[in-house]
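Below is one structure, written out as structure tokens, with a few remarks after it.
Chain naming follows the written order as A, B, C and D, and within any one chain the residues start at number 1.
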Amino acid sequence: MVRIAVVGAGYWGPNLIRNFHSMKSSSLRFVCDQDRAALEKLKPGFPEAQFVTDFGVVLSSPEVDAVVVATQPASHLALAKEALERGKHVFVEKPLTLSAEDAQVLVDTSARTKKVLMVGHLLRYHPAVKLLKEYIDAGELGEVLYAYSTRVNLGKVRQDENALWNFAPHDLAVILHLIGAKPVSVSAVGQCYVKPGVEDVVFLTILFEGNRMAHVHVSWLDPHKIRKLTVVGRKKMAVFDDMEASEKIRVYDKGVDYSPDYKSYAEAVSLRVGDILIPRVDMKEPLRVECEHFVECVEKGTTPLTDGRDGLAVVRVLEAAQTSLSQSGTLVAVP
Amino acid sequence: MVRIAVVGAGYWGPNLIRNFHSMKSSSLRFVCDQDRAALEKLKPGFPEAQFVTDFGVVLSSPEVDAVVVATQPASHLALAKEALERGKHVFVEKPLTLSAEDAQVLVDTSARTKKVLMVGHLLRYHPAVKLLKEYIDAGELGEVLYAYSTRVNLGKVRQDENALWNFAPHDLAVILHLIGAKPVSVSAVGQCYVKPGVEDVVFLTILFEGNRMAHVHVSWLDPHKIRKLTVVGRKKMAVFDDMEASEKIRVYDKGVDYSPDYKSYAEAVSLRVGDILIPRVDMKEPLRVECEHFVECVEKGTTPLTDGRDGLAVVRVLEAAQTSLSQSGTLVAVP
Amino acid sequence: MVRIAVVGAGYWGPNLIRNFHSMKSSSLRFVCDQDRAALEKLKPGFPEAQFVTDFGVVLSSPEVDAVVVATQPASHLALAKEALERGKHVFVEKPLTLSAEDAQVLVDTSARTKKVLMVGHLLRYHPAVKLLKEYIDAGELGEVLYAYSTRVNLGKVRQDENALWNFAPHDLAVILHLIGAKPVSVSAVGQCYVKPGVEDVVFLTILFEGNRMAHVHVSWLDPHKIRKLTVVGRKKMAVFDDMEASEKIRVYDKGVDYSPDYKSYAEAVSLRVGDILIPRVDMKEPLRVECEHFVECVEKGTTPLTDGRDGLAVVRVLEAAQTSLSQSGTLVAVP
Amino acid sequence: MVRIAVVGAGYWGPNLIRNFHSMKSSSLRFVCDQDRAALEKLKPGFPEAQFVTDFGVVLSSPEVDAVVVATQPASHLALAKEALERGKHVFVEKPLTLSAEDAQVLVDTSARTKKVLMVGHLLRYHPAVKLLKEYIDAGELGEVLYAYSTRVNLGKVRQDENALWNFAPHDLAVILHLIGAKPVSVSAVGQCYVKPGVEDVVFLTILFEGNRMAHVHVSWLDPHKIRKLTVVGRKKMAVFDDMEASEKIRVYDKGVDYSPDYKSYAEAVSLRVGDILIPRVDMKEPLRVECEHFVECVEKGTTPLTDGRDGLAVVRVLEAAQTSLSQSGTLVAVP
């Protein structure tokens, strides 16, 4: 039984609270937030937990094995670091931090304290992403050439986090996982249409080693609601559409074939358009899978699928993208 | 009755030949191509025309009022220029030329010879684009903020023209028309997966004066067939989906509203999600409309909707994009 | 504050229990079921209620204002009648009863005891159905000619209720409401593919006064999940698709126009294909609206939208349809 | 080289004329119609054929091997019979005739004269239908339980043929082919909303031997354009959607499984929801395949896939359905 404290009871926090409350392998001990109203609203539903405004109380409690950080990203570093130093395992919502330097600090602290550090890259726990990765690892798609992702809708305009930092961590976490190559450079272009200084529409291109490429389009100023990722491999192509109720993945037996003996270029290349497979995906709520994975890692002392280094890798791309964004799309190297 | 010679009987040429043949306002006099086999194949269907391999014969004929150039882009400049100089009106397939310098030469030649120069920006003659432009001009969408377009499929891999020059002129012609602001800079990233040196996937971002923005995604290595343009305005948003059989346009009464009196930022901004309208679009084959427009301009001596300057504007963006593409996405100014 | 007892804690009961528990205007006092295991499973979530197996206890309690009957349809008559007789208001899940005679008994008992009798025709509380009805009443569609509804999926095979009685009450309740004419006769054809004696696929046609017509297709042996109703009016046509996440209703400005002065029939008739409107539907959970409506009727002593007579009207059609079904589709009059 | 005369140059005739004109295995010799204007309009495109108003001329010509009848159904019997008697092979558009008795006459005449009689059940030549039949024959779907088809749109209102006779032959021809059992009885309900006496909306149910069942919904007064057939088998289910540009068929690995050892009914039955396959269908224009098949049958003296008996089988169902239709849906036996 892992004893949990959740810090941050705002927009996303309650979802984490609900899960750690209802899971049999965990026990919710604390909910911490500076906003008393938010605490009061949640209190009646979780009689087993203490609701506090002082994070110190949480850290001092010997009843807390793990701290779940779901506050504004700017506070992730301080809260997570302190929790690790005080011997707690830590789960941090995405993005892990607002700079690669900060993310490195957390990775190092976790290594030093030998406590679990996990980042909330939710989509990595989506059964459809798991299946896509299995297809790729089994060579089903052939060499992965490029991927592109669209995450747009008309939605809540954030005041202090732009669409890049708010939406793109999801896509980047999945794309880095599936492409399986080192990102080399990025170019990001965006605009702030609603709130000055906060980009609400961003187009981001990432170049990887081995000529691979990815593109991410995020916006909260769009007529459609789209959550869609396309992966183009040499042999087959796959699409993951999370807005589909049940047909989450399509595998297209489509591609370009080469015949070895040919006289001209045109003869050598032919298009292959074959069957489309919509595999059954056994849906489990990704958030639940994620929370259970964290608890399991804490219990067994194993490394999470999305550990600190995974969080760091995503932040490195975001940081470079932010630099490019401020320079109207200049090409920026990913360290 | 405008007497037409079509130069180029390859991939697209036959479509033009068929239209100028069947229209009552034009008469097909010559088809010219260096490929005799292509000529032989077409000959039986067009008994009224002469099929020749020598462009000089076409130019010398007093029976030709206008020359339609549907050859490889590299030859557009020479063929179109010569035809204008010899007193012919000229229609050139997109892209007008392969450099802005060349396009300028054609524009100047047309001005000097007082002959019509029209470029085949086909989508400008699509009834749905016309309707979108009317909505925008009537203020229906409010200020246009950004637009993005996707033109992808698994398709013919060209040997000497990349996806940028082959596909993007369509999107750029429409976007420049609808955005109605000057393009300032572009950034383009792409890869050559099938044929070395020929980009088959390109992501292109364009920044305009007044913080407007556009994005174009072209690929002939994609599982979907998508032909879709989204225009986001301050008041409403519109989508033009050319793969829809009858529901070509959707107008979303969606947007962000501002209330004038407010205490906090959050209070000031609210989302508006209203009705969706799918207006009836009276479809006419865009290619037919385009051909008829050319003939009409020749007959009346009027300036085409897509004249040489329109072609030049698109080539300027393409040229800057190609520079960016060769530099892995560096930001490049549009002159 | 209306004090509620729910009888029947099986498949659907828990949804009602949850709503009457969480609403401010009602208070859950009893949950009654003969299945102890079902009671035990629910108990922890509703500490305010008593969980009993004896319906007599519920009836005798002065703490109960209203009884909600969510048991097998065969028991509806007895339970609802007894509750009304004992001075309770009653909500009965659809179908109200298994025969028109029984339904009449309940209607009469409710009239005599002056207690509310409401039937759970859930879709009548769906905002999209409400909007459709408003369009029709405002003359927007013109005279309603016919309607057809499809409710199919691969789903739970019931052991003792066929697809007609289980699925079709939803469609019939809506169709009777929208068509607004008296049903005259029905014809129903179906088959029992999974369980002998239990039709899993049924096609039902209903003829109304004034040459109106409706068709209902229900199945729980179908590859698609469809929940779709089409209403064809003289002026416009409307479709309600409940599987659409947000675009629930489409109004097609389509129809047949007649010109008054004509020489031939063909000249007189022309097709009109105009805009399509997808109106914004303000979604509220229909079950919640339904439960709140029942409580409000009890409190104010008003007649429910879906009162006993509404339930009776649907049962009359179902009963005639069942007769037709047993005779392989013979036409049967609706009394 | 089969020499063809086409009788009937109205709505559908020109499509047949165009095909027999352009095929290499046939030669168009005559086009016959009583409407001179229709003849004049077509004449210029087919210089090789004679355009006549007198059918006698066609029959007397030794230059005609086969007669293609595309006139109003009421004239099919007389024209086809006479042509067969005069030693011509005959292709008749659907429906073969307006009564089973008439159809039998044609079948008998064809047998006696030993001339080919083929009916234009176009969809039988659709590659997707062929593939569906192969799946069924290979046992892929298991026993076929039922099928239902929807053929609706807002379309041309016929003056003297109702939606049953005009649309349903397509669906019936396919369904009889796929179900592979004898139709026993039918029930049809419809209304005449636009033109008195001409049903524009019809719902038709067919019962087959072995408890199989089918349903056909036809209408030319509908907001959607739907061309869709669903086939439910014991093992799998398949859908053929002809409005899909490329994804014509879907095979759902869905069904109800039975476990042999069980204590209760509920335990014995479980739902299986597996992968969906969208097989590649090699599209060939069905009309072209049909015309080539007719020519081939004439040349080789083989029996067409859709011979007179096939036409008769469909007319038998239509005739019974028409009787049911006139009796508001009474169950009518199929002889």
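One rule holds in what follows: a contact is a pair of C-beta atoms (placed from the backbone, for glycine too) under 8 Å apart; a residue touches a chain by one contact, two chains touch by 3 or more.
This is a predicted model, so every value here is computed, not measured.
Interface matching across A-D, A-B or C-D places the copy of B-C, with more than half of contact pairs shared by residue number, at A-D.
Distance from the centre of chain D peaks at A, each centre being the average of the chain's Cα atoms.
One inter-chain figure worth recording: chain C and chain D are separated by 38 Å, centre to centre, where each centre is the mean of the chain's CA atoms.
Chain A and chain D have CA centres that are 54 Å apart.
Put simply, the C-alpha centre of chain B and that of chain D have 43 angstrom between them. Residues of chain A in contact with two or more other chains: 273.
The part of chain D that touches chain C in the complex is made up of residues 145-146, 148, 154-157, 159, 185, 187, 189-195, 201, 203, 205, 207, 211-213, 215, 217, 221-224, 230, 232, 234, 237-239, 250, 252, 254-256, 265-266, 269, 271, 273, 327-331. Here chain C touches chain B in the complex through residues 247, 253, 273-280, going by the rule given at the top.
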